[in-house]
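Labels A, B and C are assigned to the chains in the order they are written; within every chain, residues are numbered from 1.
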Amino acid sequence: MTSIQMPQLGETIVEGTILKWLKQEGEAVAADEPLFEISTDKVDTEVPSPVAGTVTKLLVAEGATVPVGTAVMEIDDGSASDGLSAPPASSERSMGAAVVAETPAGPVPDRGPRSQILSPIVRRLAKERGVDLATVAGTGEGGRITKADVLAAAGGPTPAAPLGMVAPPAPAVTPASIPATPVVPVPPSVPAGAGEDVQPMSHIRRAIAGHMLASVNQTARAWTMVEVNVERLVRLRAAAKDGFQEKYGVKLTYLPMVTRATADALREFPLVNSRMQGEDIVTPRSVNMGIAVSYDAGLIVPVIKGVDAMNTAGIARAIADLAARARAHQLQPEDVQGATFTITNPGPFGSLISVPIINQPNAGILSLDAIHKRPVVVEGDAIAVRHMVYISMSWDHRLIDGELATRFLARVKHNLETWDFAEDLGL
Amino acid sequence: MDTTVETDPAANDRTLPDERLREILYLLKLSRYLDERLEALYRQGRLPGALYSGRGQEGTHVGVAYALEARDSLFPTHRDLTAQLTKGLDLNRVLAQYWGRIDGYLRGRDGNSHIGDWDGNRTFAVMSHLPIAYPVAVGAAWAYQRAGDGRVAMAICGDGATSNGRWHESINTSAIMRLPVVWVVNNNQFAYSTPNEKEFAVPTIAERATAYGIPGVRVDGTEVLEVYAAASEALERARSGGGPSLIESVSLRWRGHAGHDPAKYVPRELLEHYMLSKDPVKNFEAHLRDRGVVDDAAITEMQSRVEQAFEQAHAFALDSPYPEAGDVSKGVWVEDGYWRAEPGRGGGTDAG
Amino acid sequence: MATQQVEAAAAGHGAEPRGKRSDDGQATYLVAIAEALWEEMERDERVFMLGEDIGVYGGAFKVTEGFIERFGPTRVVDTPIAEETIVGMAAGAAMEGLRPVAEFQYSDFMSSGFDEITTVLARYHYRAGVPLPVVLRAPSGGGVRASNFHSINPEPWFAYTGGIKIMCPAFPSDAKGLLKSAIRDDNPSVFLEHKALYRRIKEHVSDDPEALVPIGSAAVKRAGDDVTIITYGAMVHKALEAAESLAGRGVSVEVVDLRTVYPIDEDAVLRSIEKTSRALVLYESFRFLGIGSEVASIIAERAFEHLDAPVMRLAPPNHPVPFSPPLEDAFLPQVADIEAAVDRLSAW
């Protein structure tokens, strides 16, 4: 949906009058076709359409005078609208959010809408105690690093020895989605005794710990599951996997197909693709799919950018490439940034159902668990054996509600159960 | 009530020996000369700040102040510099104040005409809000009453200030408490540009005294001995426990409210009449000549003393350094000791 | 108590304030103030009192009950209703070596003497070096349904002008010690007695006539680690109540009572901010240009690098104090408002 606003034709113009609608609700319109006539202090003119589509709503009456920037018409052009094209009048409000967004993402990774706010005491203590703020995940509102977080990272209110608490050498990847040192104040520790091995947590481990805890603390996490009949997928894969391997040089798993189906569902339900920013909802127009990859150091989530424009084959190749590079510790920073949604796939390891933790700042994370043959009820109330899988999603109830989450999953299920992926595999 | 006083100067001067009469003339002449010279300097742009002329009212100022004892206190306004000089202020330090120098009475902290010397001569440093000193005079008088030491407070204000609430509050309170205070109103007939009839609805200020239950007199402010006699009587009454009195001393303000005011609102004929026939300085000089108290030689000598005093004071003022800028915020609280010590003298003069 | 009454009678001082302490020996805020006045009047002959209805009537709030019988009408002076003259009289008497304590029936009437206070009292020493040891006392503050003209907090008017020390004690012992200090101080001072506290607060106060509380020193009334509330007057008690409630939820609040609002004990404020890094400035004078605005500015200027959150203020708006109970309650910061502000501050 595209919102058409009263344009500003001239620097000092503040309002305009709709003289005449040239298109009515329900009418089709081509790009550049005139939509309406307006009159301003400076000029009378026609306003052409920026998109092709169908006029769905006229929001203002003919003859009405409205301020510049007011939404006057809506056109359904098949786009995932950002829905919230802010008129200039709300610049004040968006500036509040923008202040947070535009704070240069300096040495501190972007882990939340307020993760870039470094208060004076935080900066000072970090400097005095030798704490690398890039390694501190904030437990404050919106991911802000608080005084307590820094003190905990430094080993407590009393100045701690810097050894062991200083940030470890930066890894090849400075992942945006992997924060580092956990910031929860360490509870009184039980000292290691005889018969116990002690090993300091790795940088990545600490990063994962902090990120997971922050996610659980900040999101209103809910969870929904659907059961999907993947019989057709199983058969297709069995038939196509050799040819696919030969043609593309990568293995064909179920993950690319699920990714493809999910990407489509995200286009259909863009709110599931969104994130919170202060009190705003930011909805990107394309889908960047994070794919959780397990490797020797732990867990990393490389991102397929623009996955919604790729077919299943392309997705499969992208996943293979990212996974390989992840395991080889060769991911670049941009490879792990910008995910708008995440899929995790513990299925190959055998889990039946999982409750994943959301990859902040996404609105949801989808889990693809193990495919098993199960007796199920089919048409005519007969019982048959089919390949079934539980696909679930942890989702942030601050952003989405149950109905939407469920419909989203239902769409994924529908795609997986009804699509013919053969063509999409390019075979 | 009869508000007039005997206008025959001769009737009054039997109480004062010749020496003191000459002293009075000196003060009148000094006052006039000072006024003329300061006006000239002001017009030449060589006098900083504002100038409030008391010309034509010298009879009032010298008359009331000369009757005071050294231990009495005086609460004057900006126009009553002559009264302060009569009370005993040093002309050197007065002019140093005019030029904003450290040797001025207020160390440059207030405007040139806002002079006062409480510790030395018991005069209250002039303030602009009129008559803001009147309630303070009530307090001083109350302290004298409590101590029973016979001291008296005298406050001067102009005809315009009698419209202000503080005037009424102060006189009323002093009357209730029967305080040793003399309330003087210098009625020079114009409050800035406002004539008497726009300042009060009764014919005289003096008759308002009845409303407060105290005696009031109206005197000719251009006749110094008449004023002196009225002031002496009021002081005696206060000193002996008889309570407050009101003296309305009538003259004319020859100059504008301040140096910048051409005073076109004063009717020409009135001004000419006063300048010609009601000049307090000229008239008193003539009177003393008539009585043989002074002759030409004495007058010449007196004038030369006046001029010398002025020149000396003017030189003193210009030689005195400015206050040091770093002292600007000292002396707010008593405990920082600024006022109990000699001030810094490193502020330099115009010469360097 | 019985002992005290006998003493008082034996000395002929039938209405001595100390005789008004409660059975357990505690003094209310009002009695503590009366004790300070009495002790200073006894100690120094130059001290005298003036004001409307303070002598024969014993004062509108009965603070000076019994004084004229003991000290006589030349030391307890009933004046006409003439606030400018009351202040001017105090100034003139002070210039002649006396030490006047002038009472305003309500702090709201100080504006009737505004010129003498801000033009004479505040400025005379700076410009002419003559000390004016004058104390102006007045019942101030609201929350007692006294409405517009009997509820003001005038301290910002006089803080602005400079040259006058201003005290707003919250506790009886502080009131007693501070008033004594004010009377002995050679500078003019304004001593504001929050009327809501007159009879509502009591504690043990010192019997030692030389027990003084220094002017310009704040006191920590409750120690804490998470958030500092800087406040004064009746609001101190609301802050303490809120702090107690917040402690139950695991938020540790430190309450700093300014006691003197001009000059402000900056070091005490800063020490607390260094500890907690979060400041809520709570004040009953109006929000814009009230005392708390200055405290907030001081913190921002001098404690910036200790702050973990912006400095917050909580104060009533700049308009007349309303009468109807729900209006006045909405006007003044309440305990719930303080708790909510601390919550917002903690979560920042």
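The definition used in the following text is that contacts are C-beta pairs under 8 Å (C-beta built on N, C-alpha and C of every residue); 3 or more make two chains touch, one makes a residue touch a chain.
This structure is a prediction, so every number in the text was calculated from the model and none was measured.
Participant: What chain sits nearest the middle when you go by CA atom centres?
Facilitator: That would be C.
Participant: Give me the two chains with the most inter-chain contact pairs.
Facilitator: Greatest count of contact pairs is found between chains B-C.
Participant: Determine the centre-to-centre distance between subunit A and subunit B, using the mean Cα coordinates as centres, and give it in whole Å.
Facilitator: Chain centres of subunit A and subunit B, defined by C-alpha means, are spaced 86 Å apart.
Participant: For subunit A and subunit C, what's the span in angstrom between their mean Cα positions?
Facilitator: Chain centroid spacing, subunit A to subunit C, equals 58 Å.
Participant: Please report how many Å separate the Cα centroid of subunit B from that of subunit C, as a whole number.
Facilitator: 41
Participant: Which residues of subunit C are in contact with two or more other chains?
Facilitator: none
Participant: Could you pull out the residues of subunit B that touch at least 2 other chains?
Facilitator: Residues: none.
Participant: Using the touch rule from the top, collect the residues of subunit A that touch subunit C in their complex.
Facilitator: Against subunit C, the touching part of subunit A is residues 119-124, 140-141, 144, 146-147.
Participant: Can you list the residues on subunit C that touch subunit B in the complex?
Facilitator: Listed in rising order, the residues of subunit C that touch subunit B are 48, 74, 77, 79-80, 82, 84-98, 100, 115-116, 119-120, 124-131, 162-163, 186-187.
Participant: Under the stated contact criterion, what part of subunit C meets subunit A in this complex?
Facilitator: 277, 304-309, 347-348
Participant: Under the stated contact criterion, what part of subunit B meets subunit C in this complex?
Facilitator: 73, 105-107, 109-110, 114, 116, 118-119, 124-125, 127, 129, 132-144, 146, 153, 165-166, 169-170, 172-173, 176, 331-335, 338-340
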